[in-house]
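In what comes next, chain A is part of two complexes: it sits with chain B in the first one and with chain C in the second one.
What follows is the complex of A and B.
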């Protein structure tokens, strides 16, 4: 930690690495007095002028607002309100060009000023000690105060730090060339600045206060020393004029010799840094109840006839302001200093809380870098870098977009002060390259984050699916076991008994579904048995196969149950379903028992077929019966299912199905011809093609196709053999 | 006006101005060298510079780049000037041309042009010649005062372009000293004498030596030192590389001299002989092929100093600046990697 007591007595100052000595060019603008504010015909107040969120708008178009009136209500912690800088009527609320290097539009209020500059009601506090700390903080917050030296961080938040603060560092360095806003403010209003510092110190539990001012501002130093002569905890330190001594981290190093950790903030060292302009704004808010509605702006550059510091109402359009000062050609205007400022993309953008300087340079004053040369690795940039980086290496890696190397060389410790580009003899726009490289890395980090999240989601999904699959498998296994058990328990004749039952009593839909499922199972069987027939040695795993088939069939049956609801009302299909069910069940049974044929399994089949009233069903059944008879005669039980399978395709309505069925039949016939030299069954399946319900037809079609495929394969296998 | 990004102000010294400044700072050394060794060097410098410039222009045209703008950075010119200074005054013209074309065409532009070359182009060109034509490259004539056949402008031109002076003397004849012995450079003399068992003091009595180092050479080195100091004063170059090199060379030779005052060359002789000062301030400081970190530059300079001493003392060549610079160039990436400065707010790395 820092020995703060010593800071009050010791004359030691530290130096930071690098730094440059640009021409300061402050003399032309630093004379007093600060010019009074000018009221433009209209002001454009952006609702967000700091780092953080904007507040909620609380006025609407047409409202008459008074000077100092709250325009937005801060709703969350990082929100800072804005106020009407003068009295007038809210003319519009909408998107206007922002005072930002991007030149993007932002929401702002356009207020037509009435020139009366009428204040709203004010309650100045004469003695701040009557206010509680909380009241004071709220007052500062509602006055819309954010850091006025640099980025514009909400001041109230910096006055309520998490760590105990031992050193309040007031930044009056103002190291950027041209700018003299803080300088003149300290010269003219040192008493009020110190009053603000006192309030800040009070909120931070009276730490040691150091006011750091660069040596090129003797008048400001004298004024500040005089203003805080009778305050013991404070000391004004004169620091050498070097750029960028006013950088927060550099200033801390100069005064304390300590470095703020790379990923940390000054509060980690027990230090907080505030700008002199901010201190003044705090005093003004408390003792005059005047919110932050105006600031000192240096208007300078060779094109400006009388460079000076002006009070400018926040929201004053810059083009109007410069016109008012006799400037017509407004390209380019640089906002901020020449080292870290930016060229104003739209001159109609307003002055905001962080606008400390406007430079209107002549052609040769700030010559543009038009002769970029290759980097010769001269290393001047490394010697100039206040963060002790290697800009020449960063340049190399930025061009190569080598993110790993950029991170390894601590790109994100770059404070973008511009010292490297200032000294670069090859006029390489280094800062621009680093900004782009940072943006690239930030966006790829975002991408990575997104990809990581997507990956997690995907993995979670896979895991869930896997779990579901396992659960399903478990369920199926149990069901199959139960089914197998039930089959084993029932006598073999149960099939014949149940088939008429299902035709008459049970729901036709369920029966149809079960039938289709079983039929499928049955139709799968021939492949194996065919192979058997062809003389291949196949292990006798029919029991296991039956189990598996049973499981599959159950799943399919369930599915089919849902689909077959439309077919349930159709009597013809009911009947045929019943027939099929009977056929299938019989076959299933037969196959489950053994690969060898049992005569009693065929008897019920024939019986069921004869019971069927429908012609088609009858024909099918007849065919089946015939086939079986033949097969029995030929001693080949295997051929039969091949014929019954097509018989399941009755509903197949269109030609396609018929053709498929025909193909199947042909394939099977071939097989049978090889096996049994019997071709009688061939014509039968074609006769099965009949118009039926669409849905059923489509399902059947699919089933048929699948079977055809299988059959074809089997046929090919056979023919090959 | 096109102001892209901050900063909008820049210091005045540009790359081409830096290069020009370096060339201008060579002038005292060149003049002293011309005073002692005649016009040969001026011819070589003009030849090498013109060849380098021309080569760069041709390559730029081939690469479809703005030739005038790029050659306007004076970097090729500087390479040529340094090469011209380094080669012996009466080197056959075609050797100089080969070295210059090699330096710019191969060493610089095949690697991508300015800023991308790994090796110091002038020294690479020099070493190419040194390896290919060792005799020609070590054939320095004696300083004018010692020469048997003083040569004028016309003689010099004739020697460079035809090999014979206007009077018909060959280079070997021109190299004769008044006592009829072919001249060797002071470093060469010391090396040979010490090798032959003479003491340093005995060797130093020879006429090739002046008041404290080689006759003529000591003044040439002083002139380059002067130019170099001005470069540092103008912040064109920093102390790191010349400082590192000279301190290292001094320390090495002082240690050697302390152990064997008779058997090794004195620190003074090392510092003011051969290409020491030229190398320290004008050659090793080529930023492109040198280290880029401040610490790395001290190390880089010190490495060159050490290598120069090693090559001069134990190597096969009388001088070793060119080899030392090229060897150090090879170490640049490594040195840079391990000499990264500690970034603000970071703990000391590893």
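What follows is the complex of A and C.
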């Protein structure tokens, strides 16, 4: 492990491979004082401003909120709450443009400010030693503090590490050009920053503390040294100004000489790194009971008249903020530094917890984006890479989308610092390529996981269906046995007188029952395959195809309907149009369904014919029933339009009623279509709730049943004789 | 003569020993299923949509192992065809012309105020991603939906739509023309 005691005395510093020396351009914005916060007319607070999940919203539209009031409740581990940055009324909760390179919308609260800036009730802690560690952690958690350096990792989690921590490294390097937010914070509020560091050190069981500041910030170094003069465990180290020394892994290497393993985290070495801004936020949260609602933002760039650092309320829209500072032409705006930052797609996006800098560059400050040339394999990027990667190889593999090779070359160790793109003579946007490649690999991993889960669910479902099928079969078997037994008991009581015949009688009964069951099963089969087609363990593919066909036909019908309605469009009311559309859809569907069921209907016939060979009577009965039902079905299909027609003629009173009517009509049409096919398969009486025209079918069924019974009786008599 | 006899005995006994060993191995290390099927199944997207003409991904994987074409999987698209071609040493072909489905990911969405609670879509869903009960409103668990669209056809009131999946900040792929990653020039 690291010899931390030596770190307090020795003057040795290490270096990491690579790195670049860009022009820093910090002078223009680093002068004191930090400008006070401005209250915009409204603020837009995204509910998620860090890495992890958002908390649950606990306010609603119309609520009056006070400054510092909790807006979301952190319900799970990686959730960090957000607070109202000033007092006002929650005007809206919804999707608004995010402060993210994608510019996609995200859920945020829009608060109309009242300008009074009224604080909610606060309970500042005068002496932190009265608090238990757990209370202190909860306080930090509920203050909504996440890393202010860039990534935005929840601070509370980093302060409760699994490994014992021997070194707390405070990152005041701020190596990226233009940015001077941490610099001015340390100059102006060193005492409070150190107070925050003390609290952090206490939570980590008082490790050695090193505050690392780049050599180009002499005032900040002096201020910090003075602030922690009477604290033994701490030391301020001046490190050479080189980009990206402020990277977590690079900073650890400079101070300790050790490298964080590729798949590890700093805590594996017993080190935790926190930003100075985070330390300040911790001090504010504890000693002033002020949650994280404002931060220092550097507003700079050649187009800014007075570059400076400002306190900015989190949620302040960037366009309003810049407008307030006299900037009207807002394209482009760069969020973060020039190396790792991004161009803001929508200027109305808000300032969030990780926004440390806004650059509004002039034309000549930015090189044009279209000067990219092919890679000449000069190798400058490999020399500049602080993570010891091979950027040009990654470039080729990223272009080829070769995920295996990208992983082999440790793409995920790339810290996206932009040093390679900075030195590239061909001006290839390397970092963008790596970001895209990373996103691609992440999404394909996600897809892999999802596919795995879908597979498991599919298999579990099949298993369940199989079990249900078996259970059903078991039940039927038991019922059949019970019936047999009952039947066997009955004749045996009568057969006790005429014993010689009883055996043959019994076997005849069994045969008859079997035949009946078979006939029933055969006749039920087609209906089942039709309904279950898609959901069966082994669904019939022709059915799937037919269903797709049906949908296409439906879509066509819909389109036709739409066209005709728009063509007519002469004041026919919306309702009747909707009803007509529903009818058309139902018709199209019915047609398709009929065509899909026809081939199925043939199956049972053949099946019955072959299966029932052992029972002549059952076969005859089934055939009669089929013929009759078929005739009835034909009658039904004639009658169908008559039923759907009325619903077409009587438009409903209001929209809802129309929709209900349409649904009912559709369902009815569908049911009829179903019944038309049902009746020739199910020779048994169906429910009484059927329409009147089913009467004929029912009579036919009854006749068929009676005939079957008679035939069976005859068979029984035959065998008895 | 004895030499010949010894040689024959030696060879015979060797043959017997190896025969026994092989016989034992064929029982002990029996592979129930063609391992290539498992590998193919890993590559397929597991939407269980049946657009390939088979009742699920596994049956199609079996069919591919038995020599069927590798270009019948619209949800997988060209990426899946390429992987299959690599695995099987076959030539990658463009997607089967019979399918003209869009390449974007979709999930089913039930218009809940129109749902009549018939449970037909629940029966149709191959991955149990629809919840609901008889005469109760149904809804789709969007995270589990594979976008196979098998639930759309059975719906008697046509209240299921297949909606394209909207990108979120988490799933965004950095599709942008360019970003000014490099804006500072040290030499000027």
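Assume the second predicted complex is superposed on the first by the 444 of 721 C-alpha atoms of A that agree within 3 Å, B and C clash if a C-alpha of one lies under 4 Å from a C-alpha of the other, contacts with A are read in each partner's own complex, and residues count from 1 in each chain.
Assume a contact is a pair of C-beta atoms (placed from the backbone, for glycine too) under 8 Å apart; a residue touches a chain by one contact, two chains touch by 3 or more.
Only a predicted model underlies this, so the values are computations on that prediction, with no experimental measurement involved.
In the superposed model, A:149 makes contact with neither chain B nor chain C.
In the overlay built on the shared chain, the residue A:244 is in contact with neither chain B nor chain C. Residue contacts after overlaying the shared chain place A:317 against neither chain B nor chain C. Contacts of A:17 after superposition on the shared chain: chain B is touched, whereas chain C is not.
By the touch criterion stated above, A:343 is placed in contact with chain B and with chain C alike.
When the two complexes are overlaid on their common chain A, residue A:421 makes contact with chain B and with chain C alike.
By the touch criterion stated above, A:55 is placed in contact with neither chain B nor chain C. Contacts of A:376 after superposition on the shared chain: chain B is touched, whereas chain C is not.
In the superposition on chain A, A:100 contacts chain C only, with no contact to chain B.
Common to the chain B and chain C contact sets on chain A are residues 20, 22-23, 177, 332, 334, 338-340, 342-343, 359, 361, 366-367, 369-370, 418, 421-422, 424, 427, 429, 431-432, 435. Interface residues of chain C, counted against chain A in their complex, comprise 41, 44-48, 50, 53-57, 114, 116, 120, 123-129, 144, 146, 150-154, 156-158, 167-169, 171-186.
Here chain A touches chain B in the complex through residues 16-17, 20, 22-23, 177, 249, 253, 259-264, 331-332, 334, 336, 338-343, 359, 361, 363, 366-371, 373-379, 382-383, 386-390, 392-393, 409-410, 413, 416, 418-419, 421-427, 429, 431-432, 435, going by the rule given at the top.
Chain contact summary for the complex, chain A toward chain C: residues 20-23, 25, 98, 100-102, 104, 106, 177, 332, 334, 338-340, 342-343, 359, 361, 365-367, 369-370, 418, 421-422, 424, 427, 429-432, 435-436, 439-440, 443, 446-447, 450-455, 457-458, 460-461, 531-532, 534-535, 538-539, 541, 544-545, 547-548, 550-551, 554, 585, 589, 659, 663, 666-667, 670.
Residues 1-11, 13-18, 69, 73, 75, 113-116, 238, 287-288, 290, 292-294, 297, 336, 340-346 of chain B touch chain A in their complex.
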